[in-house]
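Sharing a structure with you now.
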Amino acid sequence: MEKMTQDQVRTIANMLRKRSLWMIHYCTGCGAMELPPTMTSRYDMSRLGLAPFVTSRQADILLITGYLNVKTLRRVITVYEQMLDPKYVIGFGSCALNGGVYWDSYAVIKQLDRYIPADLYIAGCMPRPEAIITAFQDLMDLIDSGKADGYKRYKRDLAYYKENQRKVLG
Amino acid sequence: MNMSLELLLATPFIGGLLTYIGGKVHRWVRNLIAVLFSLATVGEMAMYYNTTFKGVVWGSLFGSNLVLQTNPITWLFLFIVTAISLLVIVFSIDDMKKEEDEIVLDSYYMQLLFVEGAMVGIVLAGDLITFFMFWEIMSWTSYFLIVHGGKKSMAAGYKYIIMSVIGAYAMFIAIAMLYAKTHSLVYSDVALALSQASPSFIIWTVVLLSVGFFVKAAVMPLHTWLPDAHSEAPSPVSPLLSGVLIKMGAYGLFIVFYGLLSVNLAKNIMPSVFSTPILLYIIQWLAALSIVLATFLAIMQEDAKRLLAYSSVSQIGYVVLGLATGTSLGVAGGLFHALNHAIFKGLLFLAVGAVIYRTGTRNMSELGGLVKKMPFTFTALLLGIIALAGVPPLNGFVSKWMIYEALIQKKEVFLLIMAFVGSTGAFLYVYRLIHSLFLGQLPEKYENVKDVPILMQIPIWILALSTIVYGIFPGLAMDVIVKGMKLFGFTPIAYNLFGFPEGTAMGSLTVINIAAVLMTAFVAVFIIFILFPKTRQVSQYDNYASGQELTPDFKYNYSFGFYMSFGRVIKPILSMSIERVYNYWIDAFKIFGDYYMRRIYTGNLETYNSYIVIVVTIAAAAVLLGGKLW
Amino acid sequence: MVNLANPILLIVIPLLFVFLIAFSSAFSKSAAKYLPIIAFGINVVVAMLLVPEVLKNGLVLSTTAGFKPPIAIDMIVDKLALFLVIIASVLGFVVSIYNVAYIDEEPEEKFYALFTLLITGIIWMIITGDLFNLFVAFEVTSIAAFGLVGFHRDKGSVEAGFKYLVMGAIGGSLLLVGIIMLYAATGTLNIIDVAQKSAELTFQQKFLAYALIFVGLGIEGALFPLNAWLPDAHPAAPSSVSSILSGIMTTAAIYAIIRITNIIFDYNQIYLFLMFFALLTLIFGEIAAYYQKDIKRMLAYSTIGQTGLFFFAFTIHSTNGLQGAFLQIINHSVSKSMLFLVVGAMIVQVGSRNIEDFVGLGRKMKVSSFFLAIGMFSLMGMPPFFGFWSKLKIIFAALQHSNALMIGSVVIILLMSVVEGAYFFKLLQMMFFGKAEQDREIKEASFGMLVPVVILGFILLFISFYPTPVLDFAHQAASDLMNKNYINLALKLGGL
Amino acid sequence: MVSTILIAICVPLLAFAIGLTFIMFKLKITARVQRRYGPPIIQPIYNLLKLLLKEDNISHGVIFSLGPIIALAGSILAVFFIPIPGLNLLTGSGDLIALLYIMAIGSLGMALGAGNTANPNASIGISRALTLMFGYDLPLVIIVISVILQYHTTNLADIVAAQANGHWTLWTLPLSAIVGFVVTYGALGEHPFDIITAPHEVATGPMVEYGGKHLGFLMINHMFHIYIEIALFVDLFLGGASNLFWFYIKMFGVFFIMMLCDEVFLRFKIDDAVRFFWKWPTVVALISLIIVLVK
Amino acid sequence: MSYYLGSFLLIAIGLYTVIIKKNLIKIVIGLNFIASGVNLLIVSIGYVKNGTAPIFSKIGINPSAMVDPIPQALTLTAIVIDASELALAVAFVVLLYRHYGTLDIKKIRSLKW
């Protein structure tokens, strides 16, 4: 009985969560340029209940818009760990995927997934606003179906992530 | 029963002497005697609840009887004096332990009891000589208390005693003028004489007396001693100074304007503004200026006790503002605020004293985050600041409300605006206080701080509970005040235990309803709150700083210059300083002394001899001119 | 049975002891130390025996040399004189005790002789009823004082002594000229006789004589600007002598002015003239005291200020004013003598007269500091000490005349009281709450020096807390003076 | 008795509902002014419920959690003192002056909670909030006094009653009403007075560390806050209302104008905001006050 | 009358000396001048022109023709006092010279203000 109620609550909660996604965007690369058109009247992502927020405590989505290096990774991890569950990470653009144009740079973190669990990646350099909105809609579907479980993975595989982080950050 | 008034007066003095002697035996003997005697004073005071004695002659001097008297108004002030003194003495036992020199402590307790005795004497006095005598005793005994605080406190105490003496002497002239007129300084005789005196005489005496009271009550522009003295005094002494001593000025004003002079008489002899005699109106303006300017200054302070000291200037402004309205509601509000201010300012000073006791600093930017370490002190201080800011349902609100209503009734709108502004400004500085002391980042060096010992907690908590009791049941104090004011010819105001019904003022107030609804709402919200998912405690360094990791060695909290931007707004006001005017005169005096006096006592015998010849010549010239030199 | 209650004994016995002391070294080295104590002990007893007589008759009179006045010299003790005689005797007694422990410089017996002579002269000045006799007493006092000021024979004291001597000698001469002018006008020297005979003279005829007498006595009485010797002489003298000089000698000179003014020159204009001097004295004394670094010099200037205060009270010219003046005289004599004694003891311990060296003394010399504080509080007029009662009385008396002059004077007095408070509190604060930079070896004053201090302190405390008899006595003395009972009673008792 | 309790429960709910609808409209109005489609109308409900149902909540200490609760309790208390047509429950227990101070409880609770986070952004935010409060308080008390003098009572219900039949204060004291509008607008913290939360500078100021259910409670508090400020304005200047519908319409009208203003302004620096309030609104309010005094 | 003038002149000279002269010895002499002047004044007050000594040395002396005896007595006393004062003064001068090495009063100003 209790389990059933919990499941029902979770279902309702997921339904609500996907309709109200607040994001904190970590703007290191050029990818951030594509966000203002997405937010403003042309594409108006608030139709989907998306809104930009400024602190990690309030946000649900961490948007990594571009390449990361050692120095920024440390901050990204701090922000991610400060966010409240449930939280989702979107890798934005090819930099977050594989380093992008900086694939051979010694200083750039090539693979975001080794350090924090990404729920979704948006490919492209740069991804167009249409792509971004599509990605958010995909994330909503994932949330609805309960598959956006990056924060759970992070907890489960904490040792793995910490080990990777330690290797890079020292 | 007659004897016991004198006994009440003598108890603290005897206690003071015995305390000193007891200190030679053992320090616990001394502490016990001090506590017992102040307790005895409180007990004796309690016997006079709601009783009136007119005149117990205890001596006579220069043809004027020396009289002790009591009535409900004096009982109110006696209550403030004795109760706060008792709490201060209890608080001192642990707080003053850090002083190694036992003889200093012996004299410290003796002075405390002497100050208490002097203030009891002021309040009990039934004639102006007794009043003035104890007034002076209070000045110098409290001076010794202030100076206990160390090097900086010496300058502060010096300033205090000099200003006190000047104020007292202004009062002295007025008393002497009255004596010349009546040859008896018993209040009733003086009142009778004043009712037949010429207007200019009355105005002169009242102005001079008021100057004396203003210095003690620290009404602007005579407040300059207070911020130094109150902040530099030892922490247990500050509540006594701020809570009680400056109330003596307010009591003096009350006695002068409503005991010696009546409002009707004042109206007859001087023009009225807003149906207030012009003198009272000027006093109201001074009080209102104190409220606003001191609030501004308090907002800009960095030192916790200095902040509270300026706040005292501001709050005593409310007391004087209320007392000077001349209406029943306003005077009752002023008297009630005197009690309330004693309670919450005593509480605040003791709580800050507790923090100083544990941390050793009163610089607000060095403190912070102590709520985790000293939760009890925090709660008490929270109650204190809520009361000070005049937020219902605590006691500061009720008396301020009465003063506001009285001002509205008299349409003294500009004063009312200033009173309101001062009260809003109070939010700023009280929040600054609690934020910088208890909220924010806990510096690493205070990781091991504990809450203060039980003997220091007790006085703090008694005062904290009083803020609630007098806030929700203002009728408790009103019983005394209204009954006392009837003796001074005021029409009694309607009140009940929980507030003021319709018709007393322009609105009505029932504090218990506010309190009850607030509590209910709080409980309801709290229950709803805990129904939702649980919270987890995080460290203070797990804090959003744009991803920056915070470490203990880094002070990231915003506590220095908390209202810096506001300071820019009020810069033109802050740059004005009455102290500069005083300093100009002091410099002038010094130059006079140093420059001209040197030219008189030159050390040259010829000069000295020529003085003699000059005097003889002048005298001879006087003879030649036929004695018409004058 | 010899009637011991005879004013003449007040002078004769100490004078006898002066000779005894001067020759005592022939018999015993240390006898000189103790003889003054005996002398003034006897004096105190005689003065006390006089009290009931004076209270009964209002005045005790004795004539000398077997003649009748005005040929003979009267010794007249009325209430006011008795008042001062008691103070002088008690101070003499107490300070003599102090001397035993304090004076350790040769030639001791000369010091004691001069010291005894000084107080004898003072008492003589107070009780004499003859103008020329007043001059003689004045000179006796002065010469003894010159010698005592220069007693240390170091640089400062010799200079101070010489300056004092020159000014005092000029003053004495002027006094004598004034007295002689009165004599020329009236043909008599008996003070009561002069008063009666000069009654028909006009004010202008008498004024020059008065001015000269006033200047002559004013030099001794430390009136501004005739007081330039005082701030030099008091610090230079041994502390016990300063105590006497400050406590009673200036007072005695002022007493002489009061007496002569009251009996012979009782004109309203004169009081105005005197008030001018009194206020100047007060102002310059107190302001100068504020700037002093030398503690004894500070006290000396404070003496000038106090003199101005009680002289002012006298110039109010009313019973109340006189009462205030007498109360202030008591207060000043007891407190200031005590202060000088305490400070003397402290200087012995500290080895310096600089105020800054007194830092933290309150913790080391507790008893001395306590009495110092009491004395200062009393001088400042802080309740409940005696100074409060006297200041209260003076201000009350002054404001009985509610004219602009009096109100202005009262404002000046009170402002100067603030200045007085300023320097006394500065010192007290430094002593009790200041912390010395280096720890010094300072002990409590020796027992011999403490005893007189404690005696004076208890006298002060006693009259502070039980002032009624003193107030009454001062009131009677004042009303006697105002009603010219001195002349009336003296005439009745055959003073003329 | 039962009806009293029912009313007592209804009044806060009503205020909450009104505040909620205003927030809903706010998002939509903003979007339409910016020529966007805007979020769904019930988006605030989604937001609120999402926050309340967050799985993880953090706290920096007891006061951190108590802050929103005290704030909300204070706001609920204030709601009872504002006359709502037909539902005047506690207006006799405290008058306009008491209300002014009761409204401060909410701010105090919020400030305490935010202070406990030790976050510099929060502290700066509170410093600004209190400073701004000091700023708009001066014109506010002046107009409150002028209204009190106009009707010779401090009782809000009486003030509302005196404005019956269209004798609104807006018509009798237009200057006060204008200042009242500006002050209410400032108290709501919309542009150009949104320096307190300025997300781009101090990361939402006092709320920086709040997330999850704490933030949800603060949102509820904000709804109450909007309700209190506007209802007070309506009661003081627009004559209250005889029934709830008109009350709502009047409030919405005021709110609508405010939202339109919100869109056109930039942001004041904090000291400029205080200077602004102490300059023109104060002068105009004083003129109005003098008119009342002379009248 | 001329006696009076003379005595006052003496006093004036004395005062002048005391005020103007710098030398300690001269100051002491000035004091002496004053004292002499005063003594002369006293004596001259009692003087009766062509008077006799105030002693009834033989019968028939008119008492009104006698000079007044009291001033003479006073003078004697005054002279004694002056003498002792001057002795003391000279002693001081000696000591001052020892300490300061000068007799210039302008330079003896260690005590002032």
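Letters A, B, C, D and E name the chains as they come in the text, with residue numbers starting at 1 for each one.
Convention: contacts are C-beta pairs under 8 Å (C-beta built on N, C-alpha and C of every residue); 3 or more make two chains touch, one makes a residue touch a chain.
As the structure is a prediction and not an experimental result, all values here were calculated from the model.
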Any chain in contact with chain A as well as chain B: D
Graph separation of chain D and chain E (steps between touching chains): 2
Path length in the contact graph (chain B to chain C, fewest steps): 1
Chain at the geometric heart of the assembly (C-alpha centres): B
Chain located farthest away, centre of chain C as origin (C-alpha): A
Which of C-E and B-E has more C-beta contact pairs: C-E
Chain of greatest Cα-centre distance to chain B: E
Chain centre separation (chain A, chain C; CA means) in Å: 97
Cα-centroid distance, chain C relative to chain D, in whole angstrom: 78
Separation of mean Cα positions, chain E and chain A [Å, integer]: 116
Centroid distance [mean C-alpha coordinates] between chain D and chain A, Å: 36
For chain B, residues contacting two or more additional chains: 542, 544, 546, 597, 601, 603, 605, 609
For chain C, residues contacting two or more additional chains: 162-163, 166, 170, 231-232, 288, 291
Touching two or more other chains - residue numbers and ranges from chain A: 55-57
Interchain pairs in contact, sorted by label: A-B, A-D, B-C, B-D, B-E, C-E
Touching residues (chain side chain A, partner chain B) in the complex: 26, 55-57, 74-76, 78-79, 82
Parts of chain A lying in touch with chain D, wherever the complex brings them together: 9, 12-13, 16-17, 19-20, 22, 40-41, 44, 46-49, 53-58, 60, 83-86
Footprint of chain E on chain B - complex, ascending: 597-598, 601-606, 609-610, 613
List of chain B residues in touch with chain A within their complex: 542, 544, 546-549
List of chain B residues in touch with chain C within their complex: 61-62, 101, 103-104, 129, 132-134, 136-137, 139-140, 143-144, 147-148, 151, 153-154, 157-158, 161-162, 165-166, 169, 172-173, 176-177, 179-180, 589, 592-594, 597, 600-601, 603, 605, 607-609, 611-612, 614-616, 619-620, 622-623, 626-627, 629-630
